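I've put the structures underneath this note.
Each of the next two complexes has chain A plus one other chain: chain B in the first, chain C in the second.
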Partner chain A sequence: MIQKKICLLGDFSVGKTSLVRRFVEGRYDERYHSTIGVSVARRRLDRPAGALNFILWDLAGGEDYAHISNYLIGAAGGLIVCDLTRPETLQCFTRCAAQLRAVNPQAVLVFAANKVDLVETRCLGEDALREASAGGPLVYTSAKTGEQVARAFELLAEQLEARA
Partner chain B sequence: MNDAETDSARAAEAAALAEARAILFAPERERLGQLEAQARDLAERLRSADAATRAQGEALLAEVQALRRRVEAEAERLQSTEGAVAELRRLTPVDTAGVVRQITPALNQSLTRNAREARDEMAEALAPVMGEAIRTQIRESRSEMIEALYPIIGSVVQRALNEFARELQRNIDARLRAAVGPQGALRSVVARLRGVSESELALRDALPFSLHDLVLIQRGSGLLLAHYHSGHGPTTDADLISGMLTAIRHFVRDSFSAEGEERELDEIDYGEQHIILQGGESAYIAAVFSGIEPTGFRAQLRQFVADLHLRHNAALRAYAGEADTLPALEPQLKRLAGEAEAAVPTQPTPLPRHLRPLLALGALIGVLVLAIACFYLQFTWALLPLAFPRESATPLSSATTIALAPATATVTPTLSATAPTTATARATATTTTAAATVTPSATATAAATAQPASTGVTTGAVWVRSAPALRAPTVTALPANTVVTVHSVNGNWVEVEWSAEGRVQRGWVSRRWLRMESS
Partner chain C sequence: MTAPLRAPLDSAAQAALVFAQLNGRLAAHAELDAELRIVAASASFRSLLPEPTQPVEGQPLPEVLDEFVGAEARLRAVLSGEAVDYRLEQFARRQPDDTRLYFNFVVVPLQAGPRRAGLLLIVEDVTSAARHEQRLTQDRNELRLLRAELDHSNAELQRLSRYKSFLLSMVAHDLRSPLTAISGYTQVLLDEAPPEEHAPLLAIGAVSERMRALIDNLVDLDQIEHGQIKLQREACDLNALTHEVLGAHRTVFALRNQQLELALHPGPIALVADSARLQQVLDNLLNNAVKYTPEGGRLRVRTGLEGGWAVWQLTDSGRGMTAQQQSNLFQLYYRTEDARRTKIPGTGLGLYIVRTLVEAHGGRVEAASQLGVGTTLTVYLPASE
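Our next item is the complex of A and B:
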């Protein structure tokens, strides 16, 4: 079995931990728990090409990512998350991608626009998201409903398999 | 006069004038002719000189032209040489500083790229000269090398010393706990009965070491490299453990280490369980156990990590999640666990069943020996006054006599001041002879108190001395229950008289060995 380290990056409260919980445990918690430092989880993916063991590093969100560079070492991929209801969270797409690539030039990326279930309060449009993701894989997810959550990680797996 | 005449006149005048002139100017004409001849000669000479000069000039010109051609050829060659020199200057490090300036960025870029993308090749290329380079640098700039290496060496030494101090303190604490108190004494007895050393038994009782897990983790990424579970303790998710331990190590290093320091978290305690982290360049090992590790356990871990890096450093560093790129690490972890558990103080084996009667017999013999020893001790204690007498002169000739003496030795003889009369004394004395007298002995010292004749009985075997002093020569020994006649008293000494072998003898005995009997 192949194991890969995947880092989840994004601003505060965009739903990184909820995405991990939905993906790993299949559940959602309405309460908000701020992640301190990092939280590590694991999920096995049975793929046609072979089993993949995703070690998910859910990093605390924030403006200053300089202190989490050590956490990015050895990451094979990154899931960069923004909140569709908060336009300012879109900036992390570019910033986090650059930071992850600076540590791991070969890392694959998937961009997740989370909270797609909040239709009425959505502020970010398709064009802005496409521009921020610079042509990278973009998925509209909802940790609350589970929509496209697994797909986001499958995209990571596909890219990793394609690169292998 | 007509014109013709005029003309002829004029012609004649002219002829005459010419003749006159010829006459007048003949010398001048001759001189002029000479001058003209000279001029012609000079002109001729000039012409010839001019021709020579011209020929010479032409020759010179030809030579100049030849020289010009040569100069042009030389200039051409010089130009080409200058071009070559310029090309050489461009290609060769004539201007070292400039060349270094020009190539440094490219070199740095190349080195950086190689260091990132082809670390193994870089290492292989540099390895052969690294040792020699370091040696040269040390030889030439020793102090600079020391300053450069001090942060690393100092940190390593400090870490090793800290580890040693902790281990020493732990061992001392454990041994003190095991040795002090009644439990320590009991443990000593039990250890001797079981045939193991006290320290081993104490450690076994006080430090129940139990290894649960050995987890080998890639240093930077936190990816699990290998895991060994001993069966003790709960089953753990090694993937999560390796990730979280790595995150914690990063967090601690970022939070508590000063800039430039390379300190690492090396131990975590939680309740009865402990995690020791032993780091290497590309991987580190986490040992999860309960109790207190045996002596040398950390050194074992350190040696294991060092050996592992020596053999598999490239594979450990390059690991990106594909297990087939790694060597077989689990057997090595298992072997390490076996070695660690072998280092635990040995458990004493229970006594075989057939040896238990022998142990009981031995215990019985021990009890008997102990009883005899007690009796002997009490016997010796009783004989102590005899062995070290203060004023008695007990004869040593008869052991049985001596043995019986202590029973009566404490009886203090009393001497009545109102001694009986001589007549009474004679009546009671069983060995009274004619030599007996009621008067004080003549041999008594001046200090002796005259004692009316009375009788006494020796309470034990006692020396009879010639004078009332321990240093006085012995006369003989009187057995116990010998009836004597008392003649005088001098302090603690009594002058007695008795009859033996048909003759009356006299001497001094200690008063404590004499029971006075009133007449």
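Our next item is the complex of A and C:
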């Protein structure tokens, strides 16, 4: 079976671990647990073009991204995540995309604007998100409700299949 | 724990293995051939697998450990000598009880004479140090989230405060206009009315004045909160200011049948101060004393010079205060229970503004009181030399 390494990138507490947990285990945990290093999970996708194994690398968030290039080696794609309730987390869209592309120029990208369920505290607007994602696929997700989480990973699979 | 490997280790690989062992971190190891297939592994290596019973010998490492998916090129670089080693640090493995174990993966070459014949994978258990780091990271991140929340709340409060100031200035303007008209027409009527009809007109004038003072206090409070109080300092005389302010209050004294005693310093008391603000201070103090002194009571105003301070003192024969009430007297919105119960009108702004304005002049204000006897408030301001 084809295996593809997918890195989840973004600032701390944007919901990367929760997105993986929702996608892989179908559940959500309200407690916040800071990731250090990397946590690897696997999810099989049965696609019309054939089964695909996503090896999901959930990387620690934060500004200390200089050392992660080693982790990005061999990544076929990246899901770059921001938190719609924290405007400062949008900076990671550009930075993480550049970092991943620097290591893997062929890597495919999807941008996830997470916590879309928190309607009242949302701070980020459509224009800012579109600009930061530079025309890349953008999905509004909620790890809590599950909204559009599978879609985000499907978009990665579609791009990978298109390049195959 | 350590199963014999297929081939004797060379010195570099042996050193790496021994180093991990000495650190107490060695969790498992495995030997790979030039095709990156596992040729031998320690018994503990199987505990890292999703299914510990699965066969590993002969399997390519990336198919056995997800951490090495996509790492083939880098592993080959170590094999060819382009890279010294390949390290992956702090990989979390979630356990069934939701705790996490953390591992480092280190891949070093195996030499067979002059050529690199394979690779040695050393798995280090770094759970203890990683958990410590995780707790620190967790605390740091939670603090950052709290700070972000506080910043957001502060920004929202500032926005609301600006909106409140805008509304206040608008309302103050709209309230002052009719008050000016009321005061003006009341004065016209007073000028034309016979003395026996003066009492209700004087009452209207006094109430208008109280409302104006209240509006001024609200606007001042807003300016104080925003640090916008600016003093227009000029040379002035405290005695002259006292006369001006008392003149405006004589009507109220008369209405409440309160006796005023004056004990002014024999000569001028020179100050460099904002005379309008000082008049406001004296005004607020007198308004306060008049309210809390019963009809027919006594008020005494004294001025003086004491050790470089210009002193303005007001003593009333009001109901007085307890020590605890005195300690809260200049706090914003403070009103005594007694004042609330007896429905003496007030907002708790006046004395707070007095203290703020006096302190802005470099002075201080003190209170001394005895329950059932009366209260003395003393303002000390820097006198001009």
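We adopt the following convention: the second predicted complex is superposed on the first by the 164 of 164 C-alpha atoms of A that agree within 3 Å, B and C clash if a C-alpha of one lies under 4 Å from a C-alpha of the other, contacts with A are read in each partner's own complex, and residues count from 1 in each chain.
Everything below uses one rule, namely that a contact is a pair of C-beta atoms (placed from the backbone, for glycine too) under 8 Å apart; a residue touches a chain by one contact, two chains touch by 3 or more.
Here the structure is a predicted model, which means the values were calculated and not measured.
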item: Clash or fit, chain B versus chain C on superposed chain A; value: clash
item: Which superposed partner A:L129 touches (first chain B, second chain C, both, neither); value: neither
item: Touched partner set for A:I2, first chain B, second chain C, both or neither; value: first
item: Touching partner for A:V24 - first (chain B), second (chain C), both, neither; value: neither
item: Chain touching more of chain A, residue-wise (chain B, chain C); value: C
item: First (chain B), second (chain C), both or neither touched by A:L118; value: neither
item: Touching partner for A:F12 - first (chain B), second (chain C), both, neither; value: second
item: Which of chain B and chain C A:V40 touches, first, second, both or neither; value: both
item: Residues on chain A lying within both footprints (that of chain B and that of chain C); value: 3-5, 37-38, 40, 42, 55, 70-71, 73-76
item: Residue ranges of chain A in contact with chain C within the complex; value: 3-5, 12-13, 32-40, 42, 55, 60, 62, 70-71, 73-76, 86, 88, 123
item: Interface residues, chain B side, partner chain A - complex; value: 116, 218, 220-224, 237, 239-240, 243-244, 247, 250-251, 253-254, 320-323
item: Interface residues, chain C side, partner chain A - complex; value: 62, 66-67, 69-74, 87-92, 94, 100, 102, 130, 133-134, 137-138, 141-142, 144-145, 148, 152
item: Chain B-touching residues of chain A, taken from the complex the two chains share; value: 1-5, 37-38, 40-42, 53, 55, 57, 67, 70-71, 73-76, 105
